């Protein structure tokens, strides 16, 4: 599009970008600052990174975060793909309430979802205790909670990916002798694959990122990275948290660039 | 679709949502009518007191306590104000990005997506580093700034996708018919961006309404929002029934808004929210 | 609807179904059925067509009393197919012709197994298809949108059906290659569908279907997305292919010319019913209803009342005076009828000599279409249309605006339509 861009618009845009990146840059700079307190620059150091790497609780939180993210992403991708496929096929009543149900986990405030599940787990625990079983809030409660909001994102991603294809593709497969399962595996799934991967990536990132729902469902013994950062921030600024944040930003950038390169449509090699 | 296929495809996912979403909602509604018996303990008798408290009436002392209402009010206007600022900053930005040539556009989008994906806590935390030297943490202004910062990318992306799809010929048609540039924009362009704008506003306003992390980190006690109030009931205060009533109210407001939006935009609009 | 004529050729299954249907039905239904049989075909005239083929005595497909309705959100029923009853013979090129919404595509989808009839049955190759899902039916479909699998190459698209049957290796390769050769897209085997033109995609869709050697090939407006020239070329190719392969084709179209050019027989559908079934010439020369008369080509419709019936024909009193037709079967004096005559069969003349069957008219408008002149004429306050071939348009055969002419309506070309 070769429409004119007003200079004021350009200035406005650059200011907005500056606003978006200023805190991130400050964060990165401070992670290399020698001074333990305050805003003064006293010299360059990588000391806080070694402090960070030495912390056992950080390492534990990283592995908890990844474990929850991997398992919840696997479960939600399978369930969400099936739901997205079903929505695409259609042919049932009540599409609007169903879509509403799917959008719910996306729009309900995190804090409500968190406390809701907290109470739900408490009730389930109470019921189980009568039979002599019990469980602690921890890995499983967090993982199940994450799946609950991930399903919707996967389902809607898969569905919008399939939306470009007519349902007669499935009819064509059936017409050529494919059973419903064969048709799903040989026709629908290959077509939906970019959507499935995109949905999985989204689900994975959401799980990595989630603080609020995890905070309410994790109990005291199980900490993920966001929960650890929150606890640290509440205590006060420590430079090793700056280092951790810098690494996480870096990780995000690498992930996005990778995803971008992978999803770029392949051009004919000339 | 045959019932068997329905069960095989939508069944497991919907069952999951029913167990982890609908059942907890019903439990929460039930709890909001029960009595706090001890820290994080709930029991008989059934009561309306929690709901009365939500709307500012203290049944224990038999008097109106406006504090809670003030929190609700503050949550509403802070969310509205943050959304407004997001619109002012983000709406022109979406046009700026859409106007660039392809390579530059992709880069600018990437630069928008990076903060979008960066851990929320970290982005809020970064503001402490900037504002603390000026003595601005904790303060309402810091909360406000943090909210705008946190939600700006969520606002710009849906608006951008609307602007990207714009049919500019309508603008030319309006200009051709003698409209002033401002008028041409309002009649030819603005209505086309409305779906993205509404989606962006909802995606900003709704999370802002339920926010407690930003106010918790940047705002301090004076800037408590409904989110903080809820968090407190499930934390130190240990008053689950009251917290349930507050949560249910918040959820109700959001779902009502969503329902109105669905009626206005239909099923398609619901999906385009993403 | 040509009922009764092929009763004796019913397959055993058809007999059973028909027997069941008769004995389950109430008496009223039964009588209705008997009625229809008696008042069956009335046209014994045989026209010489360009491609008259002997039809097989065996039915490839029998549709027995198929009824289907859609329910809207309010629970209201809209019938889309009402008591469809027809036989399609082995090796026949059969067309379902009608405007959009007439039910032709629904009928095809019921044959393919994508949709179920509310009542009635479908018999394909002697087997009752009730309850048999699409993937186990001996038919293949060419979709209107082609429905090629976008992630598979042309060759893999064509191989899809054979692979489902467990055919692998050299046999698979040979058969795919042969099918691709047959439809003349041999060079495109490795391409993806989005790298092909519309016509090429159409050929792939065809190859993908015929490679399975189905008993019946269902074609859902396969040419409608192509431009006119390509469409005409493919019409011929399709007809030739059908003749070579010997597969029964059921072809759905809304294009009357397409149906006339390619089909052995055509069923004209309207509002969920078959209005008329027969060879192209039967339908064109002897339309039975006003709908058929105007959907296939155009017609002048003239209302009237029968004055007398003789073995040579009937005399019909109309606003233009008495008109003679050669038709007489089933007609009774005093009956209200509508006469139909094709615009190209009207003869425009200048002389005033009266030979009967003439109507005085005035030229109201002339439309030049290249191959012919179309005259819009006014006679006794009614509008008539007459076509005149370009070859005939000479100095003294050319008519002018507002000119008074005599229209001769040949008795053999005046068709008496059924009321309704």
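First chain written, first letter: the chains are A, B and C, and each begins at residue 1.
Quick note on the criterion: a residue touches a chain if its C-beta (ideal position, glycine included) is under 8 Å from a C-beta of that chain, and two chains touch if they have at least 3 such contacts.
Fair warning: this is a prediction, and the values are worked out from it, not measured in the lab.
Student: Counting one step per pair of touching chains, how far is chain B from chain A at the shortest?
Tutor: Shortest path length, in steps: 1.
Student: What are the two chains with the top count of C-beta contact pairs?
Tutor: A-B
Student: Let me have the rounded angstrom distance from the C-alpha centre of chain A over to the C-alpha centre of chain B, please.
Tutor: Computed value for the inter-centroid distance: 17 Å.
Student: Mind checking the centre-to-centre distance between chain A and chain C? Centres are C-alpha means, answer in whole Å.
Tutor: 57
Student: Counting only Cα atoms for the centres, state how far chain B is from chain C in Å.
Tutor: 59
Student: Two-or-more-chain contact residues of chain A, please, as numbers and ranges.
Tutor: 180
Student: Mind pulling the residue numbers of chain B that touch at least two other chains?
Tutor: Residues of chain B touching two or more partner chains: there are none.
Student: Taking the complex as given, what residues does chain B use to touch chain A?
Tutor: Its residues touching chain A are 1, 5-6, 8-10, 12-14, 16-17, 20-25, 27-28, 31, 40, 89-90, 92-93, 95-101, 108, 110-115, 117-123, 125-130, 132-133, 149, 152-153, 168, 202, 206-207, 209-213, 216-217, 227, 230-231, 234, 240, 243-244, 247, 250-251, 254-255, 258-259, 262, 267, 270-271, 273-274.
Student: Across the complex, what residues on chain A touch chain C?
Tutor: Answer in residue numbers: 165-166, 168-169, 171-180, 182-183, 186-187, 190-191.
Student: How about chain C: which of its residues touch chain A in the complex?
Tutor: Spelled out, the residues of chain C in touch with chain A are 112-114, 133-136, 139-141, 143, 145, 147-151, 160-161, 164-165, 208-209, 212.
Student: Spell out the part of chain A that touches chain B in their complex, as residue ranges.
Tutor: 1-3, 5, 9-10, 12-13, 16-17, 19-24, 26-27, 30, 38-39, 79-80, 82-83, 85-87, 89-92, 95-96, 98-112, 115-120, 122-123, 144-145, 147-148, 151-153, 155-157, 159-160, 180, 205, 208-209, 211-212, 216, 225-226, 229-230, 233-234, 237, 241-242, 245, 248-249, 252-253, 255-257, 260
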